[in-house]
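These are the structures in question, set out in turn.
In the two complexes below, chain A is the common chain; its partner is chain B in one and chain C in the other.
Presenting the complex of A and B:
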């Protein structure tokens, strides 16, 4: 089967690859939230970092690193694009099904979008924890498959 | 019914299978499954019977049993252990470690540092060997009545192992390009 143009574009030209510093550095930074997740089905690992403007509470920048298949890379690339400019609550509202729809992911690759949603939730939860903001239970819930 | 590669090849459900025994069992059944020889009719080849599975099932069963990680995963599921989807647990700090290693490998490849890349690949190879040993010990230690805790511990071991295999798969694919 053929992949759609959007997924290929994100795979070949991934947006926002990188990080806001080394693991040790970002751990110290209160304005950065880090989400590190893995997919045991395939062994892919994904790290998503958000940089929050403390004045506005909005996500001003987002970066990712993903060691996985093209669909996982495209899903996390899209997630970083969508996160920019959003509030934490708006970020938490991103659903993996929207990523599936946007990229036209085939059924066998839905877990890649789940991984991206989990990474978003983990990064926001990390930011909240660092800044003494209570983390809601649903922040930790797994995305729907 | 769950796919049972051990039953399909008529081998005991155990992790430490001899590769030669898998090959012998496969060849014996493949000969029986051959259309030129399987003249007995389809009745005796019915699924789930003691008859011979079709060639596709035989090939799939052999591929699973030939690969230590897939063999361990199939065995754990057949013993009633949790699936990867049901139990995603990993050893503490494992994801951070694998992320760090993968980043270092990426940097080594980008800067054409062959020695550093080879060292990280060798690390993954050693981890794979350690997982094979650990799985063998854990399966061998299982009591007759398999305790849920022991099965969960094996699941955690196999989950970590998957990330190592994934790293080695991707190193191999990158070499091919």
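Presenting the complex of A and C:
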């Protein structure tokens, strides 16, 4: 598949790769929200972690790991870039269509952007749950387009 | 030693034309351009001589007689003609009568050019058994025997699998079919021209082969149709001028046929040497990769395989991104992610390989001009890329943390 330059750039130089600790460690950390979406047998698993500054309520850092095709890696890499510095509400406002547009994802790869949006929502919901903030229903709404 | 990039490691998809093949074809485009069906002038006769020679060359490769070779547009057409043509000829009951028209045996991991004709026949009143292959991918005589019924009219099984290179027990299955008076077809697209064939010794009634898999041109192939002990008859699928003794109408693709003939002649002369060399290279590739990475597996039977094809699954990385990382190496992903469908390979799934590993598989297929330096470059690049992608893979982290990936409740899309 011929990919556009932005996908290739994110794939070859992925931003913010990593995590804020092992699965067991991040589970205990209240300042970290974890989103793990997808399934190995579908060929895509994204793990997105956000670190929130409790004083400002802003996402001060974000990291990802991804098992998936080039578009999935690029979508999650881009998501971490966009999340940094945003409030939780601003993070929730990120739409998969914006990722599609930014990366020029081909039609067969739109599901990768949906997965990235799901990962963002899941990470924010995890943070909220850990900190006793009510999770809105629409936080879990999957924007499948 | 430096290698020229990109490297072609996809010879099971297609091969370059051998320059000797192109040279043999050239005069037939411009000088000897006649229609072999023109019986009353020199132009037609000369074209016919070229076709006759090619027919002998193809027949020689198969240990057949030239009268048993039907030229087609490729293995897909050969398979269609063999399967539909035999089913319609040997049907036990007429179409539309409601009774089973006949039983056919094939296998789940055949090429689509066999599966889809069988599925069409199923809709038209035939019954088809799709054998489940064992984990090693090799279909044996016993497996076929267990599926046979009194009304079985046709068995169609590939000689060697295009994705994993495993080889079926063709000679034994052929003997079984002859004992039971059942027509036996084999799709030998990946085998013929690479490994020895003798249709008498191997008990084959119908055999499909393709030009472009054996360093010949695209758009030409052949079907071997047995003429004696027993004489196999077929219902033609393309009607018209009655060329190819009525089996396949249409003006002959003379240039293509001449190229196919030459490709067969070269294959026959160089098969032993090529096979030995390719086997060494394939082992070098497998050894290089499996000795440097954990959680990799070579799919299919360890020994009963073609010398030039290997299919390797890499745990915790995804096939398409791996191909992207190895962008200077042309190969094929076991995952069909690249071809717009998100389904992993039905062949690997058919072997019982989990979807996760099926998504993480690559097929390397070597060819006549593959060098040791190219193999070494491929090994280096693949190992480096897998390590890079594993550093990105959440699954590899979890595995190292001791988390059982099968116990996680994944959100399925």
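What we mean here is this: the second predicted complex is superposed on the first by the 141 of 145 C-alpha atoms of A that agree within 3 Å, B and C clash if a C-alpha of one lies under 4 Å from a C-alpha of the other, contacts with A are read in each partner's own complex, and residues count from 1 in each chain.
Throughout what follows, contacts are C-beta pairs under 8 Å (C-beta built on N, C-alpha and C of every residue); 3 or more make two chains touch, one makes a residue touch a chain.
These figures come from a predicted structure and were not determined experimentally.
Trainee: So in the superposed three-chain picture, is A:67 touching just chain B, just chain C, both, or none of them (first/second/both/neither)?
Mentor: After superposing on A, A:67 lies in contact with both chain B and chain C.
Trainee: Under the stated touch criterion, which partner chain does A:40 make contact with: chain B (first), chain C (second), both, or neither?
Mentor: Both partners.
Trainee: With both complexes overlaid on chain A, does A:50 touch chain B (first), chain C (second), both or neither?
Mentor: In the superposition, A:50 touches no partner, neither chain B nor chain C.
Trainee: A:23 contacts which: chain B (first), chain C (second), both, neither?
Mentor: Touch partners of A:23: chain B and chain C.
Trainee: In the superposed model, which partner reaches more residues of chain A, chain B or chain C?
Mentor: C
Trainee: May I ask you to decide whether A:11 touches chain B, chain C, both, or neither, giving the answer as first, second, both or neither?
Mentor: A:11: touches chain C, not chain B.
Trainee: If we overlay the two complexes on their shared chain A, which of chain B and chain C does A:108 touch? Say first, second, both or neither.
Mentor: The second partner, chain C, only.
Trainee: Kindly list the residues of chain A that each of chain B and chain C touches, one partner per complex.
Mentor: 23, 36-38, 40-45, 47, 65, 67-68
Trainee: What residues on chain C touch chain A, complex-wise?
Mentor: 316-321, 324, 335, 337-338, 340, 342, 344, 354-356, 359, 391-398, 401, 403, 405, 410-413
Trainee: Quick check: in the complex, which residue numbers of chain A touch chain B?
Mentor: 23, 36-38, 40-45, 47, 65, 67-68
Trainee: For chain A, which residues count as touching chain C in their complex?
Mentor: Touching chain C from chain A are residues 1, 3, 11, 14, 17, 19, 22-24, 36-47, 65-70, 72-73, 108, 111, 114-115, 118.
Trainee: Spell out the part of chain B that touches chain A in their complex, as residue ranges.
Mentor: Touch residues, chain B against chain A: 84-85, 88, 90, 95-96, 98-100, 102-103, 106, 159, 162-167, 169-170.
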